[in-house]
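There are structures below to look over.
Both of the next two complexes hold subunit A, though its partner changes from subunit B to subunit C.
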Partner chain A sequence: MVAGAVDTWTEGRRLPQWLRSTLWFVAILGFLLLMWEGYKFLWTEMGWSWPVRPINRSMPHTWDIVDALFSPARRGGSDILLVILGEAALFTLREAVLGFVIGAIVGFFLAVVFVRSPLAERSLMPYVVASQTVPIIAIAPMVVLWAGRNDWPQWIAVAFISSYLTFFPVTINALRGLQSPPPTASELMRSYAATPNQELRKLLVPAALPYIFTALKISATASVIGAIIGELPAGLPNGLGRVLLRFASSFSSAPEKLFAAVIVSALAGIVFVAAISLAERMIVRARPEVFQAEPESLSVATHRGIA
Partner chain B sequence: MSAVDIRGVSKVFGSGPGQVEALKDIDLSIESGQFVSLIGPSGCGKSTLLRLVGDLLPPTGGSLTVAGKTPHEARLSRDYGMVFQQATLLDWRSVRANVELPLEIMGASADERTARAEEMLELVQLGDFGGHYPWQLSGGMQQRVAIARALSFKPSLLLMDEPFGALDEMTREAMQDELLRIWERSKRTVIFVTHSIPEAVFLSQRTVVMSRRPGRITRIVDIDLPYPRDEDTREDRRFYDKVTEVREALREHE
Partner chain C sequence: MSKSRKLGRLVGVMLALSMVATACGGDSSSDELTPIKLQLQWVAQSQFAGYYAAVDQGFYEDEGLDVTILEGAVEIVPQQVLASGGAEFAISWVPKVLASREEGVDIVNIAQVFQRSPTLQVSWADDNISSPNDWVGKKVGNWGFGNELEMVAALVKFGIVDQVEQVPQNFDMNGLLNREIDAAEAMIYNEYAQLLETVNEETGELYQPSDFTYVSYEDIGTAMLQDAVWARADWLPDNEDTAEKFLRASFRGWIYCRDNFDACVDIVLQNGTTLGTSHQQWQLNEINNIIWPSPDGIGIVNQGSWDQTVQTSIDSGFISGAPTGTVFRTDIAQKVLDDLADDGVDVIGSGFTKRTVTLVEGGE
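Up next, the complex of A and B:
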């Protein structure tokens, strides 16, 4: 009911929202490609070499990157690079999604504990913060080792590493959101003799949802990074981590492959975040910026009130 | 039995050198169905007194009873309907769902909730706005939803803390008329905090005048103007006399 009513007088001349954002996305992509090729061209012509030499070995042509995506990954191999990267991305996304879910649940649970008990917040928050200053590179091998001792599949261990990066933004933002209702709202709940659980369900959590979704979008990207990094000590050959490492080491001979892998990794993150944005739009009723009530019925009611 | 009985109540915030004596030796008895206003300079403890009655704060001295119960018992038996200066509606709920919120919490059936919400919205003349969202309403309309919400579960005591304080003069007078109309129909006990002398006089049967530091009751002015009160009341000589009487009572203790 909401979106349709906005500026009806301009509606006729405007393209639908999704089409406009898609066009912008494509236009910006085109602009970036143009900048890339323009840099190569101009720097070559002028003989400049700073900050990056415009040679194909460090800056491959955009079409070479696209070409690499659709060529066999190995000489004489049957699978094209895009398929191999796609499979690696799916493998990594599986770890990332599991890590994300674990992290989101733990993060939300911590926020609820903190909002219920200021003592818990004061005493545990320093540890939560400290956990994020420990480099993930240091944690990852330990988790892999422990998981190995307990005969857990390696990809589950990677998911845990990924959840380590995921829970923090959720805790911080959810806590902020749970604390966002004004004191009078809590006093109202108190006057209804609401139980703490009712207050949580009817007031605090709905108020926190926009904050939580912001955190989930941050966490989604963090969980992909966490999964990629976690795959390295786990020595998992099927994920993006290994592929990125391999292509990085052969960068000087085939730089377009690394760029192709970077693009596919970025796409994996974008897909993840887009899925969460979609869920957000379905769950959270956004407060629109534009005043949308029909002006006539409004003024009628107001006048009736005064008369 | 009085609806509200306050005996020798005091309230001190904090301790040591930084403590604030907000209320001292408050005695006040309110009959069932009475409309009482609290007026006084900013910081004299009006909101604090309302919060003590509503069991949102504990007193540091004296005793309070609400219909013979402690404030705590009264709160647990859902005797209080509260309205604050800010409507505090929940943005993600429709107007109707906002009015239904207390009933939902109290475990009313869906049918009963719908029926009560419709009835309450009719009462505050927002029958056509049940499906709207709070941000689609003007400030005055939001405040009427807040009143509908406070009345939805039929509390015996209405506690209102400057409910019309954020409204413009025209809307404010319209809201006063409406509140009186609702009060005369439901005959609930009302404690109404305000900064406006005419508002206190127009609405209430008794106006309690308070002074600052520490907050205490300095005068109780009986407003013996007949109900129903309307536009003519606002222009009545006796109305002006009462306004003057309350104003002078406030000045005495400056």
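Up next, the complex of A and C:
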């Protein structure tokens, strides 16, 4: 209802698009906060305890979480928790960005190999799929140990763990995008005596870009998660992984700090995805006439990427 | 043309991102010092204060060592890191190493820093649990991964293995606080403190020691030797000199933390902006109490405690039999202690008394 009111109001005044989406975002945030506090209130009143007890030890008040963000992380500490979490998020984002770049390049390369050679696609694709069914927590310690023995900086090892999660959506979606031009388009290229490389550069890749950006947004969030998970066996003290580990173990006595850390971790992912969207707008939307992406096939690709 | 420009821009964005990613980093090198790595079994906290103090106070540097402390991490086993050459020294529990030795990891205990066990099994005071016999018919929690040995040995010793329900336990204490667990595993220096840093929502005050009772494995005779310094058996013969230097500096670190409590806590706090002050104070106080007094000098294995640890590991089925070969050596530590004692350093700490630490909410 709140959101609806905002919409009507904005329609009437014809507010710019960015302001409308901001208002929607705030309205939904307010709704979520209300749900959280409402649950606590109602469950306490009714004496319910399923699925989560409404006590502060499990569900701290929203204002306590905000208060924790703007209070020093420890007695006599100089930095507020938000600053500490922000620094940790930057550290983790650095690993995530490198992992994302490695994953995107490898993922795109695999897609090109697959589109060139159906044999390679048929024989290698099962392994690519299988790679994603191996739990990342089984692989992460191995990568960390190998990196340690070769004296690589640990954060590089974490970036590789992160890239393991990011290449897959790019491969799947880029492959679908590269296969998306109709046969007639390829035939036209060939009738102009275009080489396979020219066909790739001038037809296939531009057609695949919307698919690739869809994948990159999935990969951006996955890369942050991969970096956080990778930091745990790497024992890196500076990133979000360590912060989450510490606050999880003191969850009984300071639950609001863990929730604060979770919120900042989510923000890190959102910032990354927003950056990709911006890049997409610069590269793809700048020349929309080139891209006649079919919404249906796009959504199929998105679902596949997530699955 | 326009398409290739787009591709170029895409590549450009990628390159820019990767440059951001690689822009930071870089390491410093030291001159003339022997590089040494120490693998801890968990993340930086007062449990390892002595080693951090030895780095901070330059005790390792005095010995010509450049010591890098590798923090422990999830899924990383210190004795495996040590065995694979990822570190020269590692901190680990005796029973866990005994189990690793059966898998072929040949490492040697050169200093038994923790003299007594900090492990408790904590219950609500109103459940009137004062001995393992009271666990019968109750839910007894543990963390697994070899942390449950003292509890399992107690069940064997009291003959109640089949009469209690063993339940897995998280690293936070909500299982006990929500009364989903009747007796929860807790280290007196860590999880027990977390209970006392939690607000009782009925009173609005922190929980008090009088709200809980605990069984201490030290009291009931199934305690095991925990944090010790380990080195590879095949590395040690050619590097006894380095081991001696490392122990001398490490012992000085622990003695520093005994005699300079507040300064030592500050050193620990420098290793993590999210560490709570009062929690780390509590932890160092309890760790000091586990180390001091060391009747035979810090780092010397007490034969009785060793035998009990081995027997308890066998009784609880954790290892198949008594370990063969040299598992611990006291000669290196003894040499260091003699040197330190000659310099008038108190290596026993017979006058040590615990201080009173006031915990605050969240251990801040």
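As a convention for this text, the second predicted complex is superposed on the first by the 271 of 307 C-alpha atoms of A that agree within 3 Å, B and C clash if a C-alpha of one lies under 4 Å from a C-alpha of the other, contacts with A are read in each partner's own complex, and residues count from 1 in each chain.
Heads up, the rule we're going with is that a contact is a pair of C-beta atoms (placed from the backbone, for glycine too) under 8 Å apart; a residue touches a chain by one contact, two chains touch by 3 or more.
Quick caveat, the model's predicted, so the values are computed rather than measured.
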Between subunit B and subunit C, more residues of subunit A are touched by C
Should A:I283 be classified as contacting the first partner (subunit B), the second (subunit C), both, or neither?
second
Check whether A:T133 is in contact with subunit B, with subunit C, with both or with neither, and answer first, second, both or neither.
neither
Now for A:N150: first (subunit B), second (subunit C), both, or neither, which partner does it touch?
neither
Regarding the shared-chain residue A:S191, is it in contact with subunit B (first), subunit C (second), both, or neither?
first
Mind working out whether A:P206 is in touch with subunit B, subunit C, both or neither, as first, second, both or neither?
both
A:S249 in the overlay: touching subunit B, subunit C, both, or neither? Say first, second, both or neither.
second
For A:P182, using the defined touch cut-off, is the partner it touches subunit B, subunit C, both, or neither? Pick first, second, both or neither.
first
Subunit A residues where the subunit B and subunit C footprints coincide 202, 206, 209, 284, 287
If you look only at subunit A, which of its residues touch subunit C in the complex?
53, 55-58, 72-77, 79, 84, 94-95, 97-98, 100-101, 104-105, 137, 140-141, 144-145, 148-149, 153, 155, 159, 201-202, 205-206, 209, 232-235, 237, 242-243, 245-254, 257, 279, 282-284, 286-287, 290
Applying the document's contact rule, which stretches of subunit A touch subunit B when the two form their complex?
182, 184-185, 187-194, 198, 202-203, 206-207, 209, 284-285, 287-288, 291-293, 297-298, 301-302, 304-306
Which positions of subunit C touch subunit A when the two form their complex?
2-4, 6-7, 9-10, 13-14, 17-18, 20-22, 24-25, 27, 43-44, 70-76, 81, 84-86, 171-174, 177-178, 194-195, 197-199, 201, 269, 271-279, 360-364
In their shared complex, at which residues does subunit B touch subunit A?
54-56, 75-78, 80-82, 84, 86, 88, 90-92, 101-102, 104-106, 125-126, 128-129, 132-133, 135-138, 140-141, 144, 153, 170-171, 174-175, 178
